[in-house]
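Structures follow.
What follows is chain A paired twice: with chain B in the first complex and chain C in the second.
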Partner chain A sequence: MVFGLVSKRIDVRKHVLVPKHEKLSDKEKEEVLLSYHASVENFPRILKKDAALFGMNLKYGDMIRIVRKSPTAGQTVFYRVVVLS
Partner chain B sequence: MSADALKELKSALPDGIYRAVVDLMPEKVSDSKAKEIARKMLEEYERMKVEAGESVGLVAAESIGEPGTQMTLDTFHFAGVSEMNVTMGLPRIIEILDGRKTLATPMMEIRLKKPYSDGQDIKKVALAIRETKLKDIASQFSINVAESKVEAKLDVDKMRELGITDAVLEKALKVAAKGLIVDIKGEELVLRLKSKDSGVSDVFKLKERLKEAFVKGVKGVSQILVVKKNNEYVVLTFGSNLKKVFQFQFVDETRTTTNDIFEVEDVLGIEAARQVVIDEVYKVIETQGLNVDIRHLMLVADVMCADGKVKGITRYGVVRDKASILARASFETPIKHIINASLYGEADNLTSVVENVMLNQPVPVGTGITKLATKPVGKSE
Partner chain C sequence: MPEFEEQYVYKKVASVVFGFLSPKMIKKMAAAKIVTPELYDKEGYPVDGGLMDVRLGVIDPGLRCKTCGSKLKECTGHFGYISLARPVLHISLISVILTLLRYTCRECSRITLPTARIEQYGERLKRLGNDKGPEVMRKKLKDLIIASRIAGKCPHCKAKQKKITLEKPTTFFEDEKRISPIEIRSRLEKIQDSDSELFGLNPSAVRPEWMVLTVLPIPPVTMRPSITLETGERSEDDLTHKLGDIVRINQRLFENINAGAPEIIVEDLWDLLQYHITTFFDNDVAQLPPARHRSGQPLKTLTERIKSKEGRIRHNLAGKRTNFSARTVISPDPLLELNEVGVPEIMAMKLTVPERITEWNIGYLKDFVKRGPKAYPGANYVVRPDGKKKKLTEETIEASVEELQPGYIVERHLMDGDIAIFNRQPSLHRMSMMCHKVRVLPCKTLRLNPAVCFPYNADFDGDEMNLHIPQTEEARAEAELLMLVDTQMISPRYGLSVIGCIQDAISGNYLLTRSSFSMSREKAIDLLASIGVTDVSKLSKKDVVSGKEVFSILLPNDFSFSGRSKSREEPEVIIRDGRLVSGVMDKNNLGEGSGLLLRNLHKKYGREFALGVLGRMFKLGVAFLMKRGFTTALSDTDLPHGAKLQIQNVFDNAEKDVAGLIVQYNSGQLDVLPGRTLRETLEQKILEVLNKARDETGKIVAMNVESYSHTIVMAISGARGTPLNLAQMAGCVGQQALRNRRIEVGYSGRTLSCFREGDLSPTARGFIKSSFKSGLRPAEFFFQSIVGRDALMDTALRTPKSGYLYRRLANALQDLKVDYDATVRDSGNRIVQFRYGEDGIDVSKSEGGLLNVKRVVGEAVEKE
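Showing the complex of A and B:
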């Protein structure tokens, strides 16, 4: 059934549009917060149910490090905080 | 090459610039010279950074807004396919930045796995993706009033070409209309409702509904176009349904994209949606022959995606989240905002730009962002 629909398991993390997402440990999170002189609420958010976070064990307030490809800087690091909705 | 001179650079510079420095460093260079180069490079980089307090949002707005006045209001047509046109120019930019949920022209760019990307069975691939409705494979719909049934003539050749068997058709039609009795005899298709007391108007409604009944393919994909891009066959579709298309075995699910930002957000996540916002706006600006620095678009996309959901630059989107009532009121529908604020006893702390402009006060931007602090030296009596 090459031309029919099959239920294929799709790993969206392999998609070209999806950058690498990784969960920070509590220690790393503290370091990030200190280096930006900011608290968790000041960071951009990401929903817990976000497709790119599939399979990660997360709770409210966890920090996600996102390594983006950037046309101007080659590679940039971005942080988001997990929220429930 | 001096290793420790570069080490210092690596942590201080963005990855892309660091690599450019490494590439351009002369092969035979003394340690002290390399250190000098690294120092100058860092100095130059620091000078090029945006100053603290710079109103980057305003600069981005102007930089996108001004070329917007020169953009065409046209749509772009594909040669030969009259039904397929793409919203381009200003309408498309407005559509993206407003965060519209329904697009004028949703499109997918489907990449195929090998060997289909080399053109093998490309026709079958295309036909499998395209949505087939009953009216595409049947004609001469008529109503038999006496027996209250709908009759139609099937195009058997076309059905064979699309790989639709009688059983498939019967099943699809039964999904489209409940309580339907389907009779297929060769070219003849006879449809009637199970319930005995179906009037003429019921049968007429049934006929109209069944014409649009979905039979095969991907729902919503009304047009397809196969093009060759960089020695690879790519299927462009009019209509978008990423989730469904990913289920095909021949589709390369790592490179297939759509121009529907909300669909990307749903299927691939917020970061992918941010990337699509940038790509789509940049594509429009590029095709119009205009030149906008991509950093402005990245800023806008970051703002739109900061909350974990895509929000448009509208009074329902990012503007609603502003803390200041006066700032919200100055954007659109001022009276509504002011009335609501007074009903709930909201306070405005005047911490941002717009509200301070309104009140003729120094604006916390640029040099206005600093506050004077005194540091007492020595003992005071």
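Showing the complex of A and C:
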């Protein structure tokens, strides 16, 4: 460990290129699943330890909503399901 | 759905088990025991118990199988077997046998791993085998055994173990002493099922000792048919030859053993038998000389039949060939319609379309049969209702004509209007295979309208293309509905037309629609008539009409459009109520993949109409150029004397500036740019000066070259070439750059031996003052060659690389599809995108990837 570097760890969540990640409530999650007629297995995944999810209280199966800027649509919504590894 | 499945699924594959054939099974399978290497007796009949035994299947037409009683093609043949005088190792399983011998005890044949360890790791090993395959599993087991080995003793019976080595290909040694296959077999026999499972062998399907052959199955004659040559001689298949060798040696071995021959002779024969059986399975074993024909060419045995590009899998199973197809060189024909393909007559007489006779067309089809295969349009075959196919020849024509009645099928020659699928490799696109309508033409090339070159990426420097003729009504209907050129006009990649005017058609329309151009009404009508447009009511009644008016005839009366053109004089293209009011027609409007003119025509009037208009525009451009005359001449690049002096002046100034910079550099007065070294600063400043000089000469050329010269017309209209190309021809070629720098390679400190060391002047570093027209100086020529070669190498190396990259991408994405809810999903129904392209737009229905909301709303309001 290099002294002095620990406190300077970059928080990627504040970086301009990292889009907004937010946890969905169980109710919201159900709505999303229903609207796509899909189960959790059909959704893209994200690691629980992903740097963009730092500090969130998550468990396996939680759904994350990611709102991104899109060159074609202006703004676009993406969903990912939390996995442990 | 379930009823459907129950009705049609005959048998379902629940599982597949891999294993070896046991000696018992081999004997059970066999229809005959083979005992003699002879094939035929004196009368030419197959010998009983020979390799061509009649019980092994039929290969002669008309005969019935002795074993199953069915005819040729119905009977798939039957195996035979020979029992070997001595056991022999199977070459493909040598590595497994080695592992088994090394890691089992030589006394008790238990696995040399303590019982505790087996219990500890057994399950994990099996799981590994399931996931990654038996090889990985065996490797892991080996590591485990080596790690837990104790002083070379068996952990179960404490017997001392010896070192087992394999002398490739098939000889095993145990501490210098050879172990015979008999010994190997007896050791393998003792291995317990529970142990063999740990070695990755499925105990319910495999016994280890089966890897040592005691009986050998003889493949049926149907997989090694003999050929009768024209001379009446019989020529046997390679496999039969090899099997003959095996049987002969096996017999000799038997005889010698029974006669009590010396051990040395028996062992020699045994080794020979091992060799023959090894090469029977694989004739390409590293340490063995391959078995050869008398002519010296190696025999093709079992492995060779399956393996490699010419093998069964890649050649016969993966590589399909098709009938009713043709291929030859292509050439352009602007007089064809866009969705036509010109087919040479000789091709049309080979390719056929089946047509069924009915009461109504019997007279029509009879005529084809009457003309026969040699006169066009005739017929090559007649198919009777029972499926018998009859070839038409001079002699059979009459009889066939008499015989014809409804229900018969006539395979008639290809004719105008038939449906064909046209293709050019590499087929990267769906537009690489499009459906065209046949047009039978004289000469020997396939012809296509040059406007469809772009989707095929074809040119006429020797390109060849393929033609396929669909043979059923369904196939023809599908091809026409889904693949016709009309349907492929709008690209699914960028939502614009992939078919457009090229080359002459662009410069022709450009010259025609320029404001300054007009022609007499008579000539205009003549021109339009020559491309098949006879309705000229739209043309004004004046004696002299403008080119724009002539062009407007092709546009529908209610068509309005506004866009931009490349031209600087008339940048705005306005079409009002079917009249071209301002703007010229150039590549921006007529070319492929550019501008919305063609897109809007397609959107408003449909694909057929849009393609028709495009075809007429193309023909108009070409026809106009034909009447007007168009060429490119050396004099197009002539400059007046004054311009030459100006250019000289620009160079002199640039050279002076550069010399100044170099002096500054040498004396250290040059200001260093941030983030660069002194030398880099100098280079950058020199490049700036020289690029400015080149641009200035370009401007001088553009100003002084005659603006109506054909060379510049081509550049401005976008038909071919750029203004830069022209400047290089007339003014100066400019700086040659190698990897984004001036040329620095060559000798130490200089590029060519005619310069002084350390010379940084433009001429010494690849600046070419001359123009292509005036000719290059020797040093300049070298510089140009350096860059030219580099560019050539670059493209030659990049093309296959990017091609492969594209292929991998296409394969990875091939079964993604857009679902009804606009999500993109893969074959496992996993979501890849939540909304296709993030905006949910179907590009092939958009205008250049965008939706024109204003217009859509406007049109909706209008309808109300």
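Note that in this section the second predicted complex is superposed on the first by the 77 of 85 C-alpha atoms of A that agree within 3 Å, B and C clash if a C-alpha of one lies under 4 Å from a C-alpha of the other, contacts with A are read in each partner's own complex, and residues count from 1 in each chain.
Criterion: a contact is a pair of C-beta atoms (placed from the backbone, for glycine too) under 8 Å apart; a residue touches a chain by one contact, two chains touch by 3 or more.
Bear in mind that the values here come from a model prediction, so they are computed numbers and not experimental data.
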* With the two structures laid over each other on chain A, which partner does A:Tyr79 touch: chain B (first), chain C (second), both, or neither? -> second
* To do: State whether A:Ile66 touches chain B only (first), chain C only (second), both chains, or neither.
  => first
* Asked: When both complexes are superposed, which of chain B and chain C contacts more residues belonging to chain A?
  -> B
* Touching A:Ala38, do we find chain B (first), chain C (second), both, or neither? -> second
* To do: Classify the contacts of A:Val16 with the two partner chains as first (chain B alone), second (chain C alone), both, or neither.
  => first
* Structure fact -> After superposition on chain A, the chain A residues reached by both chain B and chain C are 44, 70, 72-73, 76
* Structure fact -> Interface with chain A, chain B side, in the complex: residues 14-19, 121, 124-125, 128, 163, 244, 246-250, 253-255, 257, 264, 266-272, 275-276, 294-295, 298, 302, 305-309
* **Of all residues in chain A, those that touch chain C in their complex** => 36-38, 41-44, 70, 72-73, 76-79
* Sort out for me which residues of chain A touch chain B in the complex. => 1-8, 10, 12, 14-19, 21, 44-47, 50-53, 66, 68, 70-76, 80, 83
* Asked: Mind pulling up the chain C residues that touch chain A in the complex?
  -> 821, 823, 825, 828-832, 834-835, 837-841, 849
